[in-house]
């Protein structure tokens, strides 16, 4: 299977990226009470959940994409590596947003987080559009309606991520809330499209 | 296989979560003697072993569950992601409990640990109950006695975890000891049920 | 395959444990020159290589063992979890020995490292002896000469590890050198036995 | 399959090494503004991308190599472990180069990075040359033109890495740029050779 190497590489990166998100949590040091500290870092829990959901959904979608791909070429390889480089990077802006949303330069933190997710979405869209254009890399036995369904489900991705990022210019917390809403929307729509069933 | 994607995602998260538990151990800095420091951090070793056992057992059980599942739907996907989010989070309360049990706010540390494991157990139970209800997602060729055996083995989970968590209000150390006992009980019962053989 | 779950669990833990060994290296901070710092931490490089080799060899051997196992029972499950708990723990004593061998309490550091590896070897030996005793868990189609070969190759393990650990009472550096020698010996003997070919 | 154990071991190490590169990024502490800090650490982003690409390409190439290998022997096992030890080590010099290129001892940092990648390339070349010499370990059904193609594609590796390392004596930044160029070259040539298709 010519694309199985790419899939194995990708699976590993997705699984590890999602699991090392927890390393962003710092152990509270003395001073304030532990219960106060643990409650006080609520943005960390939200950032953790949003990034976990977002990467998890991308993994599911990536599998859906790869099942339709018949072969890979140079550009597809480039775009996959770009996508994975973004996915593996997500734990860093997650830690930044968790650290700065409750105090400090919230706007920069939210923008940094949003730009990372938007860039990830751009690579993911470019990868699919490149593969699906005139069925360039689509497997011969692929179901055209499934291919069209994936194309349709990818359409709102970049605009939604870019919009949520720009929302940080008005309200960093609203921006994070929008990313949470997108993640929940994708879990729902993913199933509605019948692709997880 | 419609559920194999979920299983691969889950396997990766379980294996990585269990292995990064070790990152909670800090290298002792000067001052006291090294041997004193290494002995003094005994709660870290116990917390490490309990969390390792608990996640390991959940992995084994998750495989048992997935072999009975014929297909997945939206709610099942939601519950699996919730379960994995909890499992991947365990290294953090493990580090907290290791740091604070020997001094500081023991009760909060033990409660934080217990709440995490109880939430994990709730997601795991909800996932199985949702799938097994009227055989909703059970594979057609599943053995009814195996399905009933899993249901039976899941029953004591949440009450035991919740009880062990509440024990922290009386004694944080007793709470940790109860979680250790549950882990050992599950390793034993798991085999007694014949599912690991 | 009844033992495939255990193998998948084990494979993940071995691979991750070996790769997070690198996290023990700290980035030098100002003061001394970088080249001096990088050369000065030579014990870290040796500890990294020895632990990498040791875990790598155990992974290879674990696969050899599992190919001979026909089924698992409660005790085997217990022993496997104990073995993996030790393997996943190795990065911590590795970091300790790297930190303290060039200064500080070398003896305690080397003893801590040696005790961890010896405990790992004990679990590994117990696991195999339990399985091989009267062919308790050995697959029906297993080649008796291969089973006997594994038993023979396991015999020197615990004495060699225990001896190298005790050597730390005389010379911590000699102890580390002995562990390096054992690792190289196993890579060689492993192939001499024809099991990697 | 006698080489599948080695491949599984290798796959895990490659995937994890590439994903923990992100742990080199430190969360900025107060003082300067966050946006300034995030922009100021541009060398970290470049070092991250170069190491990610380099390890990713080595993974793809390693799979290509293993598909041609029919069996393994002692020396091949030694060389594979040496290769993986280098690959798993890459996150450390990556963090060093990211920290020191924008200030401090740039030359040592770039040399340390270059020596690591050159050593990795040497092990990779030695591994392939050993296996391909007189078709020593090549599978009987291997296509001679594919074997010759791999040999041809490996030839420029070590000289290019060594040259880029030595360039650090003149300009550390130029050295890093050369490693980036090599990575991009390999992604391109890899596809031109048709091995990713």
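Order as written gives the chain letters A, B, C and D; numbering starts at 1 within each chain.
Criterion: contacts are C-beta pairs under 8 Å (C-beta built on N, C-alpha and C of every residue); 3 or more make two chains touch, one makes a residue touch a chain.
What you are looking at is a predicted structure, and each value in this text was computed from that prediction instead of being measured.
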Those chains which touch subunit C and also touch subunit B: none
Centre distance in Å when subunit C and subunit D are each reduced to the mean of their C-alpha atoms: 26
Separation of mean Cα positions, subunit D and subunit B [Å, integer]: 37
Numbers and ranges of subunit A residues touching at least 2 other chains: 11-12, 16, 20, 23
Chain-level touch network, classified as line, ring, star, complete or other: ring
Of subunit B, residues touching subunit C in the complex: 11-12, 14-16, 18-23, 25, 27-28, 30, 33-35, 38, 48-49, 52-53, 56, 59-60, 63, 187-188, 190-192, 196-197
Complex contact set, residues of subunit D against subunit C: 2, 5, 8-9, 11-13, 16-17, 20, 23, 71-74, 77-78, 81, 84-85, 88-89, 91-92, 95-96, 99-100, 104-105, 108-109, 112
